Each structure stands twice: as C-alpha cells, then as structure tokens.
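Please go over the structures that come below.
Here chain A shows up in two complexes: once beside chain B, once beside chain C.
On to the complex of A and B.
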C-alpha cells in the first residue's frame, strides 16, 4: 500500500483581517491591520484596551437562529468558517463519507460571554435561572459538537486545549487521523472569542499580553520594543483530504502537508524548537535550503520571539524570509496556527509575499513581492515550551 | 522478542489514581470490590436549593503526600485543584512504572492529558472576587497566573514534562466525558505509529462548585433519585434519576511492549484497540436506536481483530441517567446480540459518581483490577430491575471471574462515543 498523503482542499476564515479568504488575503497583502481599540465592551475597568476584533460579521448568514441562541460566539465563528471551508472545497458530507470525516478543533477555555452570563444569572437571580445551554455552550468541545451535528460528521474527532498550540495540536492529530487511515477527510482548525471583560482579564493574567493603547505600536513581533502579545479573535477551518480521494473528485489542491513534528522543552531555551523544526524537515524530506518562507510563532512576546529567532537562525541562517500575520490579526490562540497555514497557502497560490517581512533581522515594507514559493515552514510554540512545526508544499 | 516485530504492541506499565474511594490503586480496587459507595449529601448543594443534593469528593488530599519538596511541588501548589490532582496522579503513575528523570530517554516519552472543565471552581472564585460576590460588573485587580492556568487543561502535562524532562509530544484534549479514554486511545495510537515509545495518558477533573451544580441541575442531568444519599447513583436501576457529579484524576503509563520488556517493567495489561466517533445527533440527547455507539463498538472490535465472544467484561459508561443507561443497553444488545446477556457489565460510577473526563480512565483502572484480582466489581445499589435494562450488570455484589479481555465505554456531551479494549497481558497475544 502506498503511503497516504494529506492535502488541503478548502479554507474558511473569520478573523480581524477579513471575513473569508479574499478579504483576509487583501488585508495581509496590503499590510492592513485588524487591530483596533476594543469596542465590544466597555474597557474602563479592564486592563486590555486593544485587540484584533471582528466587525461587520452577519452571523445569521452562517448559523441558524435556533443554534445561535444556544451557543457562544466562539462556536458561531467556527460554524461560519466551517461553512465557508466546505463550500470552498466543494464537498458535501453525505451518508457515504460521514463516518470517515472528522473534526479537530483547537480552543482555549470555551465561551467567555456565556461564562459571564452564567455567573450573572447564578449570583443575581439564583441557580434556577441559569440558562439551560450553559453546560453545552461553555465547554470547549461545543464547536466540535455543533459542527458535527450541523454537517452530519461522524468520524474520529477531537478538541484540544494547549495554550498557543491548541490549533496546532488539532492540525497535528487531524492530519495523522488521515495518514493512519482513520479518516479520509478532516475539518481542522481553531476558534477563539475571548473579547469579554472576564476573558481579557484571564488572558492578561498569563503575563504575556500587551496593555498598550497604541494600535500602531502594539503588535510588534521580533521587535525589541514590543509590549507583548495583542489578543485577537476568530476562527479558521481547513479541509484536509487524503490525496488520492482529492484527485478522484478533481478537487482544487491548495497544498500538501508533508512534514509535521511536536516537541516539548524549556520555554526559554531554543533547543526543543530547533529539534522540532528539524524533525518536520526530515519528515518532509526537505533540506532547510529548500524552504522558501517561514510563518513563525512570532507573536510579540520578547522572550518567545528571541528564542524562535535563535532557533531559526541556527537552521536557516540570516537570509530566510519570515512573515508575521499575527502583527495584523493579533494572536488568535486556538485559531492561530490554522490561520498561519491559511496565510502560507495563499502565499503559494498568489505567488506573492505580503507587504511586510523580516529578513536579516530587519523589518521591511515595499519590496519586490511577486515570487513562486513552493515550500513553507509554519511554527507554533506555547508559553510553557510546547513546539509544533509543519511543512507545506505546493504540488500544483 | 519475536512478538511485536511486525506490529507494535502497547502495554500499560504504570497506574496513578486520585479517586473519592482511594488515593492509591490498591485502596481503590479494595473499595470497588467491597461495593462501597462514597457518595454523600453536600451541604452547599442543599443550601443552593437545587434539585440534586449529592456529590462525591476527594478527601484528605494533600499534594505534599505525593510530591517531594522541589520546584514541581512549589509550582503545582498554587494552581487549581484539577492541576494538583493531575500532577499527583502523574507522579504516582511514573513512580509505579519505575520511571524517573534519569532512568529513561526523554525524547521517547510524550504526554496527552485531558479534562472536561478544568479549573472551573478557581475561575468561579475569581469571578466572585472581581465582582463583589457577583453583584457588580467586573473590576480588574491583579489575580495572578493561576487564573490563566486554571483554564489551561494542558498545564498538568506541561509541569510533568518539564519536571521529568520528557520532550516528545505534549498536548491535552477537552472532549468531556470521553476524554480520559480518548487520552489513552490517542496515546496508544501515537506509540503504534512509532513516533514515541512511552506515553503518559492523564485525565483530571475537579468540577465541584456552584456554577457546575447549577448548569447541570437546570438540565436535569444530576441525580434526583430518592433514598439514602449514598444510593443515589444507581446505574441501570429502574429508579435511576441522573448522575452524581464527582471529582478525581487518573494517569496511566502506556509503553511499547519491547521497551517495557527491555526495562523489566511491571505489565498490568495490554491496549488492544480504541475507537471514537460523533453521533452527529444532539449535544446531550441520544438517538433512539443507538447505532452510533454500536458502530464504535464494532469498530473497536475490528481494529483489535476481535469477535464479540472475546469480550468477557464490560466496564460501562453507566452514568445512571435514564437516557444513557437504556441507550447503552440497547447498543450492547445490538453489537453483541445474544452474547450481550452473558457478559458481566458493571458501572464504577455506582460507587464514586461521575468525574467527567477521568471517569472513563478510572473505568480502565477498574478493568485492570479485574485482571489482577479475578473479580468484577458490582454495580452498587442496582436493586430494582428495569425491564428495558435486562443485561447482566453484576448487581450489588462482587463477581468472582477470571477476566481476560475487558471493554470500556464512554459517552459524553457533544455527542461523542469512545470505546477501548484491554487485555490481561500474555506473552502471545
């Protein structure tokens, strides 16, 4: 039996830089930031003042009303991105494939708006007034559950909570479910909606977030003047498919996932991240020289960025080009790696690099950007030292 | 070492458990076989005026009893209970497996942990503190890192990885009441794939707080059964009326057989197969015909190259809700046909309630107890037969039986069903 291969055949996203892949690409191509002053709630008494915020999303276009009232925003985002991704892949989940299709989602801590609502109901009105959807709307697996119900998906599926690598974990296990033959198809991605008073306080207490009020100077990956991570919200869902199956149905293939690795180690020392990138390269059969671009964890936390840059320099030298979409979206946590993968796929498809890169440790805008890139490395790393690396290849 | 050359076999070589009926595995098994329930009335639940008033709690837990002085103990101490339980069970499992920081190659060891709702009690307390007992809007005060960590289900795994210098995969899942079994299944698959030789699979739950009681009570999930408090979890009984919420943590060391044999590890059992799916039907309700669960049982049998007659014990999800126990019974009848009536089936939840993610991992440990002691623990307080639930649930008293192959089932919110099959270790599979 030939080794099974995994390709990406559909994408969907709602994030601070756009609803849908076109709007998103337009924003990152033109270096247009989705970070702004938080208007979702009054931030007078809470520490985080700016964030990557989604505006102008008409959720009723994607989620039926009866589901909407029973679910939190983080599930709404995931359902919207899923609908787009399935449409983009032009695939229907049917009786035929539903048992071999899975859902793999990264999400941190579930629904923050419903969490606060539940506490308010409990303490102001009493336990008998807590809404009946609290249990199923709050917990992180709600997105997986509702996606599976809405689309009739019955295959092996899981939800991951692992800080900044929640979405990367979902991708790692989702793609392996196809490699190992458990699934032929998988919706993988992440979703996050932390923009509530309690949610932003929680993330702030991680000690890694920026409390800056200057939207132009806040999210500065790899910049020594960075004030920390800027929080963002949104969801990206990717359709992963077994290669032969994708060929059979003449699907449009964005790219192939040829390398993947996960390691854990000291969060200040770069060695476990180096090991992770090397393992992913070995798996993909690529040398570091064949990698044309890196989409890093690069999140604006000075310690994390310094560690990653050290690791990248050791393996790839000074000349490798790095793009940092988190500069524009903020950190989407559970949705961050799926969004980075999406960015990488769009770069390969458009044969164009977004209008800001890091090269030779320098940030650059306005440079010749049109070029064919066939192999991209995507990194993710968590605050306590878990690393994931993926190699994407253009096989068209 | 001829076996395992062509297909990697995965065995269990370490057990850690923090449960209401025992913080050590021997105590846990002894109490299970005696049929003793640890469920009690909870004054807080009574005071809240909700319908259900019983739970099952960990008693006398002190992390100092499990962890030596040092940075891990220091770091775990200030964290949410589920983190403390998880770390303690992890340390116990590793000790039980004779794995220390320097006895094993860290690159060969990975971790998958799980929890359904993580540090909810800590989060609730912080909410109260920042909102004048819930009366006002939130006003920020510095809380500290433990707030973020309380939501971070991966935290126990990370602490253990750093302490023991394990450097392979490390992640955590949150798939509710199937999560413990899922952590085992995914660890088993990771070893089978050859990416890792030893996995620490964990599940930890400490959900006992007002918001949990209120949210589960309002949807009538919690037990309102009549009778003495300790009898109110009575799976498969005609008068069952909801599950009893509980807490606890479990952790298993899973290991590639060759690796275990090479280091002379104690082998408690073998993981034969694992399967999991979505019913794609409803977040909490179950469809009438039990097909999704039948499918996952059949998948697990196929994956393990087993037939129905190989299974001689089932540790059931048996949550004591009207719906689950009937659904599960129907699934067993459909998957096992006539044999369903012969196989002893019992529910650990009859004695220690339902600790969400960790419940299914405790079910696996119960099954391992059956391998070792040649006994099947009873379904306690199953006194009044339900004509629709008419299988052999080992009511009330322990059953003496040599168990060779046991199946563990779990179902949970989100419409997930998971099944694992475990076998008493023998050289030739």
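On to the complex of A and C.
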C-alpha cells in the first residue's frame, strides 16, 4: 500500500483581520491591523483594554437562527469558517463520504458569553431558570458537535483543549487520522471567542497578557519592548484530504503537509522546540536550508519569544526569514495555528511575503518579498512546554 | 388569551422557528420544539406567567391554548 499523503484543499476564516481569506490577505498585505480598543463591552473595570476584535460579521449569513440562539460565539465563528472552507474546497459531505470525514477542532476555553448569561440566570432568578443549553453550549466540544450536525459528518472526530497549542494539536491528530486511514477527509481548525468581561479577566490571570492601551505598541512578537500577548478572537478551518482522493475529484490544492512533530519539554529551555523542528524536518525529508520561511509561535511573550528565537537560530542560523501574523490579529489561541497555516498557504499562493508581518532577525541582506516560496515551517508552543511543528510544501 | 397566543408565537419566532410551522394542530414536542427547547419554553412561561406547565409528548399547540383558556390562567 502506498504511503498516504495529506493536502489542504479548502480554507475558511473569520478573524480580526478579515472575514474570508481574501479580506484577511488584503489586511495583512496592506498592514491593516485587527487589534483595537475593545468595544464589545465596557472595559472600565476590566484589565484588558485592547484585543484582536472581529467587527462587521453578519453571522446570520452562516448560521441559522435556531442554532444561533442556543450556541456561543465561538461556535458561531467555527460554523462560519467551516461553511467558507467547504465552499472553497467545492466539496459536499454526502452519504458516500460522511463516515470517512472527521472534524478536529482546537478550543482553549469554551463559551464565555453563554457562561455569563448562565451566571446571571443562576444568581438573579435561581437555579431552575438557567437556560437548558448552558451545559452543551459553553463546552469546548460544542463547535465540533454543531459542525458535525450541520454538515452530517459521522467520521472519527476530536476536540483539543491545550492552551496555545489547541489548534495545532487538532491539526496534528487530524492529519494523522487521514495518514492512518481512519478518514479520507477532515475539517481541521480552531476557534476562540474570549472577548467578554469574564473571559478577559480569566485570561488576564495567566499573567501573560498585555494590559497596554496603545494599539500601535501592543502586539510585538520578538521585540524586547513587548508588553505581552494580545488576546484575539476568531476561527480558521482547513479542509484536509487524502492526496489521491483530492486528485480524483480535481480539487485545487493549496499545499501538502509533509512534516509534523510534537515534543514536550521545559518551557524555558529551547531544546525540546529544537527537537520538534528537527523531527518535522526529518519527517518531511527537507533540510533546514530548504525551508524558505518560518511562521513561528511568536506571540509577544518575551520569555517564549526568546526561547523560540534561540531554537530557530540554532537550526536555521541568522539567514532565515520569519513572519508573525499575531502582530496584526493578536493571539487567537485555539484558532492561532490554523490561522498561521492559512497565512503560510496564502504566502505560497500569492508568492509574496507581506511587509507588515515580516520580521528581520539579523539580516545583512534585504531579500525580495515578491518571490516563490515552496516550503514553510509553522511552529506552536504552549506555556508549559508542549511544542508542535509542521512543514508545508507547495506541490503545484 | 390573545396576548398569551401572541407571546407564544413571538417566543417561537425568536427561537428561529418558521411562522408556517406554528400551527394549532402541530405537536409542541417534536413538530415545533426539540427536548431542550421544550425545557426553555416551559421556563419562559413560568417566568412570564408564573404557570407550571406539564406538556405531554402528544399535546398540540391548540390543546395548550385550550388548557390555558379552560383554567383561565392567562
């Protein structure tokens, strides 16, 4: 039996930089940041004042009202991104393929708005008045569940709750469900909607978030003046397919996932991240010199960024280029790595590295931004030392 | 009673149920609402009218209206 391969054939996103891949690309290409003062609620008495915030999303275009009223915002975002991704892949989930299609979603913290509603009902009216969908709507698996129900998906599926690597874990295990033959098709991604008073207070407790009020100086990955991670919201969903099946239906292929790895180690030491990147390179059959660009975890936490930079320089030297989408979106937690993968795919497709998110390490030379890039490495790291790396290749 | 009917209709519409599905001969549980929606529906009536409703699986919307009218509770 030939070794199975996994390709990406559809993408969908709702994030602070855009609704849909075109708007997202235009924003990062033109340096339009999605980070702004929070207007979703009054921040006078809450510590987080700025965030990557989604505006102008008409969710009724993507979610029927009957589902909308009983689900949280993080599920709305995931349903919207899924609808876009399936349309982009031009694929229908039918009776023939529904048992061979899975859903793998990363979500770090569930539904904050529905929780706040539940608390109000509990403490204002009494326990018998707590809305009946509270239990299912807040839970991180709600997005996976509603995607499956809406699209009739019945294959092997999972949800991953793993801090900043929630979405990366969904990708890691989801792509392997295709490699191992459990699925031929998988909707993989992540979603997060932490922008509520209660949500931002809880994230603030991590001690990692920026409390800056200056949107121009807020999200500064790999900058020693960074004030911390800027929180963001959104969802990105990718359609992954077994390569031969994608060819059979003449799907448009964005790229192939040729390398992947996961390691666990000390979060302050760079060695486990180095090991992770090396393992992904070995899996892909590439050398470090063949990687054209890196999309790092790069989140604006000075300790995390310093560790990652050390690891990157040990493997790739100083002559490697990186891009940091979080500079414009903030950290999307569950949706973070899927959005980084999307960014990498669009860079390969457009043959252009956007200046807005480009980071110069210690270059002597100014490389041209408009050029073909065929191999990109994407990293994700959690607070407690879980690392994931992926190698994407342009096979067109 | 008219106000009660209007309240019920508006509740269903707010929940996302199509207007043409709200018929007197429709079963409340099954034709109109699923099981979790039923719980919310009963809570909404309790909150707004202080009525503890017991809706059997085979009760139609028309039968609910008759029950309310017969007992003069709304």
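The rule is simple: the second predicted complex is superposed on the first by the 384 of 396 C-alpha atoms of A that agree within 3 Å, B and C clash if a C-alpha of one lies under 4 Å from a C-alpha of the other, contacts with A are read in each partner's own complex, and residues count from 1 in each chain.
As a convention for this text, contacts are C-beta pairs under 8 Å (C-beta built on N, C-alpha and C of every residue); 3 or more make two chains touch, one makes a residue touch a chain.
It should be emphasised that the depicted structure is a prediction, and the values quoted were computed from it without experimental measurement.
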{"item": "Combined model on chain A where chain B meets chain C, clash or fit", "value": "fit"}
{"item": "Partner contacting more residues of chain A (chain B vs chain C)", "value": "B"}
{"item": "First (chain B), second (chain C), both or neither touched by A:205", "value": "first"}
{"item": "Chain B versus chain C as contact partner of A:123, first or second or both or neither", "value": "first"}
{"item": "Chain B versus chain C as contact partner of A:64, first or second or both or neither", "value": "second"}
{"item": "Contacts of A:316 with chain B and chain C, given as first, second, both or neither", "value": "neither"}
{"item": "Vertex chain A, arms to chain B and chain C (CA centres, degrees, nearest 10)", "value": "60"}
{"item": "Partner chain(s) touched by A:132 [first = chain B, second = chain C, both, neither]", "value": "both"}
{"item": "First, second, both or neither for A:25, with chain B first and chain C second", "value": "neither"}
{"item": "Distance in angstrom between the closest Cα atoms of chain C and chain B, superposition on A", "value": "6"}
{"item": "Common interface residues of chain A - those touching chain B in one complex and chain C in the other", "value": "128, 131-132, 136"}
{"item": "Chain A-touching residues of chain C, taken from the complex the two chains share", "value": "14-17, 36-37, 39-40, 43, 46-47"}
{"item": "Chain C partner contacts - residues on chain A that touch it in the complex", "value": "64-70, 125, 128-129, 131-133, 136"}
{"item": "Residues of chain B that touch chain A when the two form their complex", "value": "48-50, 110-111, 115-118, 123-124, 127-128, 130-131, 133-135, 137-140, 142-148, 151-155, 158, 161-162, 166-176, 182, 186, 189, 193, 210-211, 213-219, 221, 275-284, 292, 295, 413-416"}
{"item": "Interface residues, chain A side, partner chain B - complex", "value": "45-47, 98-99, 103, 107-109, 115-116, 118-120, 122-124, 126-128, 130-132, 134-136, 138-142, 144-146, 148-149, 151-163, 165, 169, 172-173, 176, 180, 197-198, 201-207, 262-266, 272, 275, 382, 384-386"}
